[in-house]
Amino acid sequence: MNHDPFAWGRPSDETYGQYNQAIANASNFPKMNTQQPIVTGTSVISIKYNNGTIIAADRLGAYGSLLRFTDVDRLFPVGNNTVVGISGDISDMQHIEKLLEDLETENNYDNSYADDEESLKPSYVFEYLAAVMYQRRSKMNPLWNAIVVAGVENGEPFLRYVNLLGVTYSSPTLATGFGAHMANPLLRRIVDRDSDVEKTDLQTAKNAILECMKVLYYRDARSSRKFSLAIIDKDQGLTLEKDLQVENMTWDFAKDIKGYGTQKV
Amino acid sequence: MFRNNYDGDTVTFSPTGRLFQVEYALEAIKQGSVTVGLRSKNYAVITALKRNADELSSYQKKIIRCDEHLGLSLAGLAPDARVLSNYLRQQCNYSQLVFNRKLSVEKAGHLLSDKAQQNTQSYGGRPYGVGLLIIGYDNSGAHLLEFQPSGNTLEVYGSAIGARSQGAKTYLERVMDKYIEIEDPEELIKTCVEALRQSLKDETLTTDNLSIAIVGKDIPFTQYDNEKVTPYL
Amino acid sequence: MTSIGTGYDLSNSVFSPDGRIFQVEYANKAVENGATSIGIKCTDGVVFAVEKIISSKLLVPKKNVKIQVIDRHIGCVYSGLIPDGRHLVNRGREESANFKKVYGQPIGIPAFADRIGQYIQAYTLYNSVRPFGVSAIFGGIDSEGPHLYMVEPNGAFWGYKGAATGKGRQSAKAELEKLFNEHPEGLTTRQALKEAARIIYVAHEDNKEKGFELELSWCSETETNSLHKFVTGDLLEEANEHAKREMNEGDDSDDEDVSSDEDNNAEQDRDGDIQLE
């Protein structure tokens, strides 16, 4: 008789071989991966116009409802004609930022055409990110983000979306998160279908984006006034402005909203 | 009798800093039948002379396609070339799958170099016994590379490897200035076949023993064999 | 070479009775037959230059690039067995990328030199591998400023103001010494580009029957944002022109022949050399 209480009621080693202790010591839960984002960035919005693409995102990193970090870059230039905009979990975003840096470094290895013919194109960057996002979701360990890749490729505007599920799609206007509900309808007033891109100039498109950033700041409680905006133009190349803020607001309506500020019933 | 003690493996340098095993591997290329390659700005062509073991056997394949835009011809140990071309096929697929990008010819060359180098610095293996001419058309245009088992891969305007390849090489050097300007792919193929002829001895080119491949602007990697080579004979 | 035939020179990781490791010495021979490479440390960065022997008319000019990027801020050039150099650079890239992953900043160049030295040394320890047939000159700019190192097949590395290796190293070294005597306060990278070009031309003198192409690269705090960049276009043209002009003028002046203690085994190496370079 084995007097070790641990052995009682277990299959005997003589019959079934060495007992796998890992079974008894197993956790009460299955392995758990990220199931919600922690610090988050809100919408990324973007639009095509006749000579390129515009993409914008605010600079807030929210910790739940706390506006915790107010100066976060969420637009990342990759090479000379691509910008990646990322919303969702900020730590996952920072991981993706590293992946993009490595991608760029490796493209410069032994590449005598790295500055032109064999530079990184938006579609290469996108395809890579989509592969990463899909692989991570298939491991049940997603990167909790929605990503927009904007740029110019072969003289044409490029815009495509991928998210934590590995879903991808493209459209002449793209927005993530809250912006998908609030900005997209507004942007589609300017560019509703592919044929509208040709008719839209930079200024019109930029104004639409600025207007959307304002609406989002009005209505999205996890947004900030400060935002970044990048333009990737066929002729002008890539410009990234990091110190913009929403202008020309009127908050007169605020006093009428119940629960906002001081209120006399 | 003189015996060379320094040629038994790939991990022994000779007193003059040579690697005899690697040099012997380069000799294996010369045992193979000849293959010639050349390129202009927009097109690259390879031609090769196929051999058969005996009258009743088929001819050994000399040209292998790796991707839409990339392929190669070989001289030396054909099975070794299959290992290397399978590797290139994998890398082409990977590049297409992960980056939606054609593997650049330059990168293909570097990948082969690095793979071959491993076989020259550790014990227990041998260097690859095959030379390759790699042609491809990518974002930066048409390219031709010459790969050697030592791990050297060079970008060239023209090259010939295999038995009696010197004849073709000399011819290519002589007419280089002309063919690098050729715009018509058909003309380029003709030049390449002519170069191959310079390396023939007893053989004559027939529909059975001539292989041709071309790649370039608006032409995916295409191989011509058997009756398809008739126009170029 | 009295050692030949004694059997102590056939395997790596074996000492001879007088304490030498012949296989490593033989690896040095592979380096000494390779095309000349040099590096110059300047006040604001580093400059690399290499002689690219044109072994055939069929080679495409300006291609078959020899200088390599290790990380954005580190460049590398080497003499000897080129495929071995590529192996080394691949390892260097792994080290550099790994450092960045762990510490979140670019690797310091002295720390990098240390890792590369260790790796090369490991290839002298075991009979299952052979030593690297290259001497590599590498460097760049980190948070401490410019650095230049050269590592040898035995794994030893030193920091240099001016480093040279390969066939023409003797005359290149003499020129580098002269250069630093003339400029005790150091040179700028812009000056050094021209001098590096000239030194490669001088080093090529002993090997005149073969044509060559010059390859140049640099890291500069002011000119390249501390990143490693190739020198192309007008700048490269200028350096080439300068070197040619100096060569024509210098014909009568200094003719101290320095290539004395070089073993002249050109005869023996003729076929192997071209193939492996």
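Should a chain be cited, it is by its letter among A, B and C, assigned in written order, with residues numbered from 1 in that chain.
One rule holds for everything that comes next: a residue touches a chain if its C-beta (ideal position, glycine included) is under 8 Å from a C-beta of that chain, and two chains touch if they have at least 3 such contacts.
Given the structure is predicted, the values throughout are model-derived calculations rather than measurements.
Undergrad: By mean C-alpha coordinates, which chain is most distant from chain B?
TA: Looking at centroid distances, A is the chain farthest away.
Undergrad: For this structure, which two chains share the highest number of contact pairs?
TA: Maximum number of inter-chain contact pairs occurs for B-C.
Undergrad: How far is the middle of chain B from the middle of chain C, if each middle is the mean of its Cα atoms, in Å?
TA: Averaging C-alpha atoms per chain gives centres 30 Å apart.
Undergrad: Determine the centre-to-centre distance between chain A and chain B, using the mean Cα coordinates as centres, and give it in whole Å.
TA: 46
Undergrad: Quick check: what residues of chain A touch more than one other chain, meaning two or more?
TA: As it turns out, chain A has residues touching two or more other chains at 110, 112.
Undergrad: Got the chain B residues that touch at least 2 other chains?
TA: Expected reply: 110.
Undergrad: Which positions in chain C are in touch with at least two other chains?
TA: Chain C, residues with two or more chain partners: 63.
Undergrad: Taking the touch rule as given, give the residues of chain B at its contact with chain C in the complex, in rising order.
TA: For this pair, the touching residues of chain B are 5-6, 10-19, 22-23, 26, 110, 113-114, 116-118, 120-124, 148, 150-152, 154-159, 169, 172-173, 176.
Undergrad: Which residues of chain C touch chain A once you look at their complex with the stated criterion?
TA: 63, 65, 68-69, 71-72, 93, 97, 101
Undergrad: Okay, in this complex, where on chain A does chain B touch?
TA: Of all residues in chain A, those touching chain B are 110-113, 117-118, 121, 123-124, 126-128, 131.
Undergrad: Per the contact definition, I'd like the list of chain A residues that touch chain C in the complex.
TA: Interface residues on the chain A side: 98, 102, 105, 108-110, 112.
Undergrad: Can you name the residues of chain C that touch chain B in the complex?
TA: So the residues of chain C touching chain B come out as 1, 4-5, 9-12, 22-23, 26-33, 56-60, 63-64, 81-84, 86-87, 90, 123, 127-133, 265, 268-269, 271-272, 275-277.
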